[in-house]
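Below, each structure is written out as structure tokens.
Okay, so subunit A shows up in both of these, paired with subunit B first and subunit C after.
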Partner chain A sequence: MYDAPANKQSVDQSNQKITARNVQVFYGDKQALRDVSVDIEDRTVTAFIGPSGCGKSTFLRCLNRMNDTVAIARVEGDIRLDGEDIYHPMVDPVQLRAKVGMVFQKPNPFPKSIYDNVAYGPKIHGLTRSKSELDGIVEESLKRAALWNEVKDRLQESGTGLSGGQQQRLCIARAVATGPEVLLMDEPCSALDPIATAQVEELIDDLRQNYSVVIVTHSMQQAARVSQKTAFFHLGNLVEYGETGTIFTNPQDPRTESYITGRIG
Partner chain B sequence: MNVGILSIIVLALALCGFVVGRNRALQSVKGDARKLHSLPVYHGQTVALFVTVPAVLMMAVWLVAQPMVIEARIVGQLGDAVAADPVASKLAMEDVSRIADGLDALQAATGLSDDEIGDMRSDLSDIRGRLAEVGVALGSEVRPEIFSMAKSLRGMQQTGATMMTALVLMLAVGGLALGILRIEGDFRARNVAESFFMWLLVAAAGVAILTTIGIVLSLFSETMRFFSVHPASDFFFGLTWNPQFRGGSDLGIIPLLWGTLYITFVAMIVAAPIGIFAAIYTAEYASPRVRSVVKPLIEVIAGIPTVVFGLFALVTVGPFLRDYFAVPFGLGTSGSSVLTAGLVIGILNIPFVSSLTDDIINAVPQSLRDGSYGLGATKSETIKKVILPAALPGIVGAVLLATSRAIGETMIVTMGAGAAAKLDLNPFEAMTTITVKIVSQLTGDLAFDSPETLVAFALGSSLFVITLGLNVFALWIVRKYREQYE
Partner chain C sequence: MSGKHIVSSFDRDLEAIQAKVMRMGGLAEVAMRDAVQALELGDLEMAETVRRNDAAIDALNEEIRASAAQLLALRAPTAIDLRVILSVMTISSSLERIGDYAKNIAKRVSAISGQQQINGSYGTLRRMTQFVISMLSDALDSYIQHNVELARDVSDRDREADQMYNTLFRSLLTHMMEDHRNIAAGMHLHFMAKNIERCGDHATAIAEQTIYMVTGEKPADDRPKADVTATTMEGNA
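For the complex of A and B:
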């Protein structure tokens, strides 16, 4: 189980973006997550690693209440974003998701033009007052997702016509355009080839300047490359959480060590 | 020997062949099934197929061909004058076969031998009376030449049946022998059985296609006959529909086409929005439990016979619209109206639209919904901006398919919209459609080759072309945009 000391040392209270305490998730009768407590820092990349079915994606989806769209899912415990309980009855999950953006495992651009894909979030949230302002957001988001130079001449073409790596960067641009504070990424590179993966990883590192990024990954190399903090999940438990360097070089828990050395998984 | 017994014999031979073939295959490798190319059961199947397929095919061909051959020979014997006139030869053939049937019944009832029947003569004995005793009524006295034709017809039928039995049995036994002789360890019986099943499936598909082609050909040949007795321009551009018993009718399709399109338009105004909204509810909002109840309930509508809908239109909707809308607003006094039929056809088509749309919405990948929710879109925003645009081609296809169904609807129009062919804009007026007129022109007492009857085929062809065009268009749309989100 996660214990406090690893965390207390360097992190001051104001730097914590999301605090989760004793989170339990049930799918019907099955408990998918047990007593997970984590503090996620601002302007940091936090990686969730662990074998398949360990609950890391489930936990990620708790952070923007995407589990609400699954009828049989039930979440208990306390998750706070900037100190506010996101499961409070007064919180509108729709507004929460505008603040906590999400990028999915498989690139899922809408069957619309590249421009409309990026403009989707700003339009539904009424973030712009004029067409030129919207054009500005679209351009800035595509630049931030390192896609602008590849698509600037064909913004009106369908987003589904891009390559897999471009599609995933389009999805990141789409998430960035809404102006989120936290970006959740659920195995964003698992459907991409190594070159596209490298581009997305570089992008994640850039995004750290402005956002808190949480990334779920199966690749420990990826976690080591892009993250500053790593959490290891196993069988629905958070086993260990700490600095990425520490987790990979000096794990405290024997399960973590077995996993990163490839003995379980 | 009749066809039933013959079939049973062939099947029994096939069963024998199956058992013998299987055992012989095993024997050929001294009981070690691993040395066979194919499992023993395939060897059995192959022998059974060798027995049945040629025999049954021969039987089928013979049964179709024999009456044609016999008819040609009988008509030939009746003399050139009769043979040259298709109507006369048809009538004569009907007489001959009725008397032949009568003689069969007479023989069954009285136990006369074939020789005694052969000695009967229509000018000496009272054939009409004797046939009436066994339940075969003849319209007039039997002419001697017809009677002798009937006797020779019976003779030919008997010879034909004997020959068919012999041939079929020969083929079956020959197939059995051939099949058994070919069995050895290396014989690829599995491949033979495999290709047979492929051809069986091809034949099944072929039947469906050939039937369609047959229907189209007969429709168009009759249409050509109509256009040879009635000018095509009058039919396609005539603004009056007024068939007369004594000829000289106005047979313009325009009023019927107008009625058809008007009623279909009203029907789709009802069916498309309600069906699509219902589908959005069942696909996106309803919980699985509600959905499992609501969806079948909507689809029950599709199971109600259209004539019941017609009654509903006639006794409920029609009078309601007349008493509460048409009469107070001074728009007419007719119980049957375009609006009545359109409303009821629309209701009939709701499950059709909603069921197809529901499937299409469900086919939109969950990842698109997640993507939209993940950006903070609400459910209705997601549906409006992501799901419906992605599903739109499919929905258009569904609506067009429902439209072609509405165009072809007959019963509800007959009972709800009346039979008056009119060109009018008032939806409370009675109008009628192409399908209704096809029925009424074909069920009249007019001669079959008069333009008033043949026009039904021209109407049918027009309807066929319209609905075919709509269906092709719908499929084209569905196909063109289908891969968009895959």
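For the complex of A and C:
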């Protein structure tokens, strides 16, 4: 009869997909992130929330070394994927990004066919040996992104001709095609209408079966709807991290409370 | 949480719904007080007024529920805001029940008016009512002031209300056994006492909602319960 409360679940140590310890990020002299330590769980949707400039996107971009592409950015601390240091000199960032995929705010399909958009990653990473194998990956990825039924008869049409919501799901299919373990999403629905948003949110919930999903969102309601864990960032600090249900009904830190209830903090 | 919302109309909505709860609380206190006063004075007109006025309490309950539903749908409240609205709904139901109990007491005033008096019972009912009204009033104050300490105090006082009810229960039982002409009045007086005791339980429920609203945690159910009449028999009365 007695159900364990949600916050007692998933304390299993082996469930950690990414562990970050004392992560600091500097853009030149300016410190953007201070001493962030967090464990991100496998097969869980984790939402990062916080006001603009709080460091949530900066931290997200540390998780697949996207900050490497910013010349003045410097990352300190320790970030491990399945226990492996992702900033180790032997780690190839391109290989890392195949394992830790990313979906951006604005849908950014390549100006190529729907098929080629999805096939691109597996091709450059040499994941397939034959055309039929590649066809299989494309179909599977589009199915996982809940787009297959809408595009299966027009795979050779341009990806940019799809609606905004379809384009974003195409980008998710593209990210899924390289067989990632973690999917990072930076405001994936902010350019979409409510119906397309709902479809992407439904998809995120499906993706949780196979991946660890980390989503940055400005919509608190979206964080509440899609995530199991929520992290609140403020002025470069990770203020509070916990079960989403707890964060939204009984946050412990007054800064979290002010932010999620829309008060002047 | 004293900070104001950035969207100030949200604050106005929350204040409006809480003002309605306080108005309802005031009406419920008056209904209890007047119902028992009508008994003591044998004032049937006053009893009739209490019965009539219950409609206003019920209407406020409906208004509060409608406003709460609208706030949930339109504002998607979280954290303290969510807990305010959840507690408002529960408190409003409790006050609506208190109104019903007062109305029931008022109905019994006319039924009892021709009956033989039972020594001292009216005075005991009045003291019990005053005690429960002070619980209710403190519970509502604790709610509006977000005062957890006062809420805990109200919760602790329920035991005393239960004991007053037990004493009256035994005394009425004794009078009814001694003289069967006391039975009709004794039964009505007993139901009145039970109604007042239940009002005390609702005052306690309001205090517990305050604790939940402020702390986010429901108080542990270790509140002392002193109503033993459910297991009291004639022999051990």
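Just so it is clear, the second predicted complex is superposed on the first by the 253 of 265 C-alpha atoms of A that agree within 3 Å, B and C clash if a C-alpha of one lies under 4 Å from a C-alpha of the other, contacts with A are read in each partner's own complex, and residues count from 1 in each chain.
Everything that follows uses one rule, which is that a contact is a pair of C-beta atoms (placed from the backbone, for glycine too) under 8 Å apart; a residue touches a chain by one contact, two chains touch by 3 or more.
Keep in mind the model is a prediction, meaning the values are calculated, not measured.
Q: More residues of subunit A in touch with subunit C or with subunit B?
A: Per-residue touch count on subunit A favours B.
Q: Looking at the overlay, what does A:A224 touch: subunit B (first), subunit C (second), both, or neither?
A: Touch status of A:A224: second partner only.
Q: Is A:R43 touching the first partner subunit B, the second partner subunit C, both, or neither of them?
A: Touch status of A:R43: no partner.
Q: For A:F248, decide between first (touching subunit B), second (touching subunit C), both and neither.
A: second
Q: Considering only touches as defined above, state whether A:F110 meets subunit B (first), subunit C (second), both or neither.
A: first
Q: Taking the superposition on A as described, I'd like to know which of subunit B and subunit C A:R80 touches: first, second, both or neither.
A: Neither partner.
Q: Looking at A:G262 after the superposition, I want to know if it touches subunit B, subunit C, both of them or none. Which is it: first, second, both, neither?
A: second
Q: Of all residues in subunit A, which touch subunit C in the complex?
A: 220-221, 224, 248-251, 254, 256-258, 260-265
Q: Across the complex, what residues on subunit A touch subunit B?
A: 64, 66, 69, 71, 94-99, 101-104, 106, 108-112, 120-121, 124-125, 158, 160, 171, 174-175, 178
Q: So in the complex, which bits of subunit B are touching subunit A?
A: Residue positions touching the partner: 287-288, 365, 367-378, 381, 385-386, 389-390, 484-485.
Q: Tell me, which parts of subunit C touch subunit A in their complex?
A: Those in contact with subunit A are residues 1, 3-7, 10, 76-83, 216-217.
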